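If you scroll down you'll find the structure; I have some questions about it.
Here the chain labels run A, B and C in written order, and each chain numbers its own residues starting at 1.
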């Protein structure tokens, strides 16, 4: 039976993405590679926090920062994964043109290419959370977790991140191959507005609206609430919203981003073809 | 096609030695400079966005009620990440792309020095890198009211110069790996971002780390460079310094000599090894 | 100083082939070159002719200091390529067919200028020379075009200009006309010949001294035949013959070479024909509506036995031509197969 174009594009890209990501080394080195980067990121924040507070891990702010940062791993992973596939295919493997002329759905192909980074990100998140519980008193009790909320929020959040990744991938079509990773640059910048590592109140009033417009803000709040409800609610930022309201807002913003991603892809795709950028090699 | 009686050029007109070294640096910097001029999107992705990323770390300190000097530390560290990124991505990893594109073989068969090619890449990216560092410092200082009290401009310049020399020497050493490896080395570069931010104290004084961890991290020139610069720039810097500035300058001088010598040796050695193993022209993607 | 521009002695290269994860334990070895002994005089335009995967590119890599031999030695411009790469490099340059070197964001002039600087050329002269050379290959109107906007053929012309630009003593061209159309390939061949014939080195006396040398690899017989002073025929890493094209063909002069177009072969194989005592070599190729037989016969009279076999197998002869030997026939005589047949068999190992 012929699978639909969308499924075929996605599964094939998932397989390809996994090969590209993982087959450069043996499994042991790969496992270390997968966890060391996000663990180091988390450790930077832990050290910053412990220097200033003298190790006051019992304060609700610590799990706030720790969990926000842990789940933010997904933002970098998905955004960088999806957008990097464009550069990698275009400039390195020089296969983007062949993907374009194949009977596949390009956005779903890109999303598939991001899956491997998502899976790697998942391992990293689990390792970070485990380290937090074991060594840093993060009050995560698996019996107290609101699993329903967690799973729904995670699925919705991943969809939202995929849409954001798609927007970035579409823009990447128009951008030259610079020596840095634009996915990581964007994820690094959004760190500021997503309430990941500090409540939005800390931002100056004129910057806060950007944070409120970002779906990541609501998603991270939901992740914190589902895992350690009471601690998460200790901060006023989104305290007035119920879980359901937050889910509603996240869903609404996800839909908006999904629509935006469709239009962005169409426009960038049109412009890239008009300017002949699909098969260019712009490394310098 | 037109006939041309002579296609020859007198060989004596070609320069060698240090003149060739300089010419090579300029020539390899050229595509970088021109590329940046023709594809300006880097200004958004490599200047504006990193500035926001640095601001995030400032607000973490604000959120946990850190003393104001830590804000200055972050701004300073954030600015210096530019140079680390330049070494990692625009110099070391760039060789991976050169290999894949077929340029590496042409660099090798030319009579130029590989060190000059690598320096050319770095110098070409230096405008963007310095701009990124400057924007982070200026914007960060204005936004967060960072106050500076420079103890000694001479020492500050000396530390910066030594740290950069040692850093680029270290970058050239790691670049030699790329002559032999392909994708693996690219992933190693990718891995050397956050862990280095952590142990080199980009966002906090390394004195806060265990002494031996800080001492081990001092092998990365930015660790002591950054520590010494913080000591020289901020009023409370000296209190939070890892070692005294003079000791740090001495270590940096040692690192400069060590890394530049090792880079020359390693580049020659790795080139020979790669030629023997047939790795210079292979594409293992 | 030796008067050879290129000299190799018992040159061999063995590649270790790494398998995928499952085959990790199995390390295969591929002999890319085996005891290659070659001498190329200064001032010669020397061709390496062989099918894909014959070892031509490996030999060029060794001669251009990019790859070390497993055993044996090679000298280029008088210097050992393994011991003294730094003395070889200022004297050589190389262009490979189909390469994508340079930077797409730079113009043709900028790319070429950049490479000239790696050889220490003064900027002004490099720029003048770029214009001259681009004119010679008909690319002068594209001097300010970004190289990413060039077609494959024009990009190849730019690369060829890069090779000539730095004025090497010995130039290596690996399949220089690959991907070029007929006209462009002709331009490039003319440039190659002009360069070797009319560009003396600044000093030098004696045999070949003061002349430039060019080694090209090709699997186009006509290119080798038309262009090269001498040709080495190489297959499976071994040099089978080395001489002027005329001399190589002369060895076949006493033989009779026939080309026969027939109806479909009805189970006829080249072995059946070669089993005939007077048939030296036979190659069969399927063509539309039938087949083509290429025969090297010790004497013309042997044609009768071939026709006899065809008649027995009810194969109709549509056309029969006797022709002069070509390098393709020389190759077939040496290897026993046509070059394209060898390429089909060797495809998985090409390199």
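Criterion: contacts are C-beta pairs under 8 Å (C-beta built on N, C-alpha and C of every residue); 3 or more make two chains touch, one makes a residue touch a chain.
Note that the structure is a prediction, hence the values are computed from the model and not measured.
Asks: Determine the shortest chain-contact distance, in steps, between subunit A and subunit B.
Replies: The least step count works out to 1.
Asks: Is the C-beta contact count larger for B-C or for A-C?
Replies: B-C
Asks: Using the mean of all protein Cα atoms as the middle point, what chain has its own Cα mean nearest that point?
Replies: Central chain is B.
Asks: Indicate the whole-number Å distance between the mean C-alpha point of subunit A and the mean C-alpha point of subunit B.
Replies: About 28 Å, centre to centre.
Asks: Suppose each chain is reduced to the average of its Cα coordinates; what separation in Å results between subunit B and subunit C?
Replies: Each chain's C-alpha centroid was found; their separation is 43 Å.
Asks: Between subunit A and subunit C, tell me the centre distance in angstrom, where each centre is the average of that chain's C-alpha atoms.
Replies: 52
Asks: Note the residues in subunit C that touch 2 or more other chains, in rising order.
Replies: 100, 103, 105-106
Asks: Of all residues in subunit A, which are in touch with two or more distinct other chains?
Replies: Each of 176, 281-284 in subunit A touches at least two other chains.
Asks: If a residue has to touch 2 or more other chains to count, which residues of subunit B qualify?
Replies: Those would be 31, 34-35, 38-39, 101.
Asks: For subunit A, which residues are in contact with subunit B within the complex?
Replies: 24-25, 33, 36-38, 40-41, 43-45, 47-53, 61, 65, 91-93, 174-176, 178-180, 182, 185-186, 188-193, 196-199, 202-203, 281-284
Asks: Of all residues in subunit C, which touch subunit B in the complex?
Replies: Going by the criterion above, the answer is residues 13, 15, 61, 64-68, 82, 85-86, 89-90, 92-94, 96, 99-103, 105-106, 110, 113-115, 117-122, 125, 129, 132-133, 135-138, 164, 166-167, 187, 190-191, 194-195, 198-202, 212.
Asks: Note which residues of subunit B are touching subunit A in the complex, please.
Replies: Interface residues on the subunit B side: 31-32, 34-36, 38-39, 41-42, 45-46, 48-50, 52-53, 55-57, 59-67, 70, 85, 89-90, 93-94, 97, 100-101, 125, 183-184, 187, 190-191, 193-195, 197-198, 202-205, 208-209, 285.
Asks: What does subunit B use to touch subunit C in their complex?
Replies: 1-16, 19-20, 23-24, 26-28, 30-31, 34-35, 38-39, 101-103, 105-112, 117, 272, 275-276, 278, 280-281
Asks: If we count contacts the way the header does, which residues on subunit C are in touch with subunit A in the complex?
Replies: For subunit C paired with subunit A, touching residues are 21, 100, 103-106, 148-149.
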